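Here the structure is laid out as structure tokens; the discussion comes afterwards.
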Amino acid sequence: MSAPAAPPTEQMAVVLTESAADKLLPFATLVSGAIALGIRVDVFASYWGLLAFRKSPATSPSEVSPGHGEDGARLEQVLKAPKAPSWRGILQMAKSIGELHIYACSQSMELLGLKKEDLDPLVEGVTGVATFIDRTRYANVSYFV
Amino acid sequence: MSAPAAPPTEQMAVVLTESAADKLLPFATLVSGAIALGIRVDVFASYWGLLAFRKSPATSPSEVSPGHGEDGARLEQVLKAPKAPSWRGILQMAKSIGELHIYACSQSMELLGLKKEDLDPLVEGVTGVATFIDRTRYANVSYFV
Amino acid sequence: MSAPAAPPTEQMAVVLTESAADKLLPFATLVSGAIALGIRVDVFASYWGLLAFRKSPATSPSEVSPGHGEDGARLEQVLKAPKAPSWRGILQMAKSIGELHIYACSQSMELLGLKKEDLDPLVEGVTGVATFIDRTRYANVSYFV
């Protein structure tokens, strides 16, 4: 009699293409919620999503997407406060307690003139899109941010 | 002999972070299409997605995202016509015929200084991200708008 | 004794609502990666996603979303180079080797005043949202771009 198979790990796949705080915060929050539930998260950072992890010049952690008028200006002020949530801090915490894997898209690294050493260590490697899709083809949920 | 189990309800999960008409209309249309097929829809409204449901000041139902030039201006004109589709009307209709559940993200409610009573009754409650992910971890399809 | 059933084709569902290069490139790259792995891809082009396929006036293949400052200007320059990747070329290649199906959203066709013949032949038909959701309700992964 064979032992019952371990249940497959649940997985969330995220393609990240944005660098503004109003996208990175809901993204980081989703990631941390999944990690808290024991769900593995694989992130494919491409285009502006790479800039979020660029060491220098770093993008501003409080800048929001254009087109949000007064509400946008108010959110930027709130995010500048010392106690404001930090998407980077949320991701670091998530990585320390669970399976969070962030890969940089090789095609957009080249277009943006970036090298692996230009990126925050939260990014664990550079990979092609087919590798990412193969790793996440059976993910439970998938989001394009 | 036990009766066959009822098939599990199909489910669509949506994280909504936008408030412009050119995002809310395809979002509402997706929701209504799913509801018409008997699929349950769970929505997590966060950041600008919350503003879509703010009672006052309400966002303009015809304003589109910046950066679309003449096409954007033309769509805004079309959406101001009396017979133009209304994302809010589409969601209300969907909720009246099926299982549409819209939750507000507790973290962004706090950052934006919003209370439950500031939001349209289409929003049925305020919840944390982990609760939303737990409710939608087996969703058939998932979209981040 | 019946023959074993063929494994169901894996499927990726994409709702495309953007027309800027910094969204169309990661979109086309995802599509081509899926096709390379033998995954069928169904795309629902709506709102600005339709403009990406409009023949005339065609959108610029190098224009990026607003709000990206110097990085945006630099990416536009890179995308104007003769050897730059072309999202349209990537999609054409993907369609020639695998199952890529792109449908135009009937509701937004009407709002934008477009007819089937105004669109690139990459778009194989005009369809309603319920048909799209029905076709993709068991997709392995789903993305809203």
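Labels A, B and C are assigned to the chains in the order they are written; within every chain, residues are numbered from 1.
The criterion applied here is as follows: a contact is a pair of C-beta atoms (placed from the backbone, for glycine too) under 8 Å apart; a residue touches a chain by one contact, two chains touch by 3 or more.
The structure displayed is predicted, hence computed values, not measured ones.
Q: If every chain is a node and each touching pair gets an edge, what shape is that graph: line, ring, star, complete or other?
A: Complete.
Q: Same or different interface residues for chain A and chain B, judged by whether over half of the residue numbers are used by both?
A: Interface between chain A and chain B is built from largely different residues.
Q: Centre to centre, by mean C-alpha position, how many angstrom separate chain A and chain B?
A: 22
Q: Which positions in chain A are in touch with at least two other chains?
A: Expected reply: 66-67, 142-144.
Q: Per the contact definition, I'd like the list of chain C residues that touch chain A in the complex.
A: The touching residues are 10, 12, 14, 22-23, 25-26, 29-30, 32-34, 36-37, 39, 66-68, 71, 74-75, 78-79, 84-85, 140-145.
Q: State the interface residues of chain A toward chain C in the complex, per the touch definition above.
A: Answer in residue numbers: 13, 15, 17, 19-20, 46-48, 51, 65-67, 105, 107-108, 111-113, 128-130, 132-134, 136-139, 142-144.
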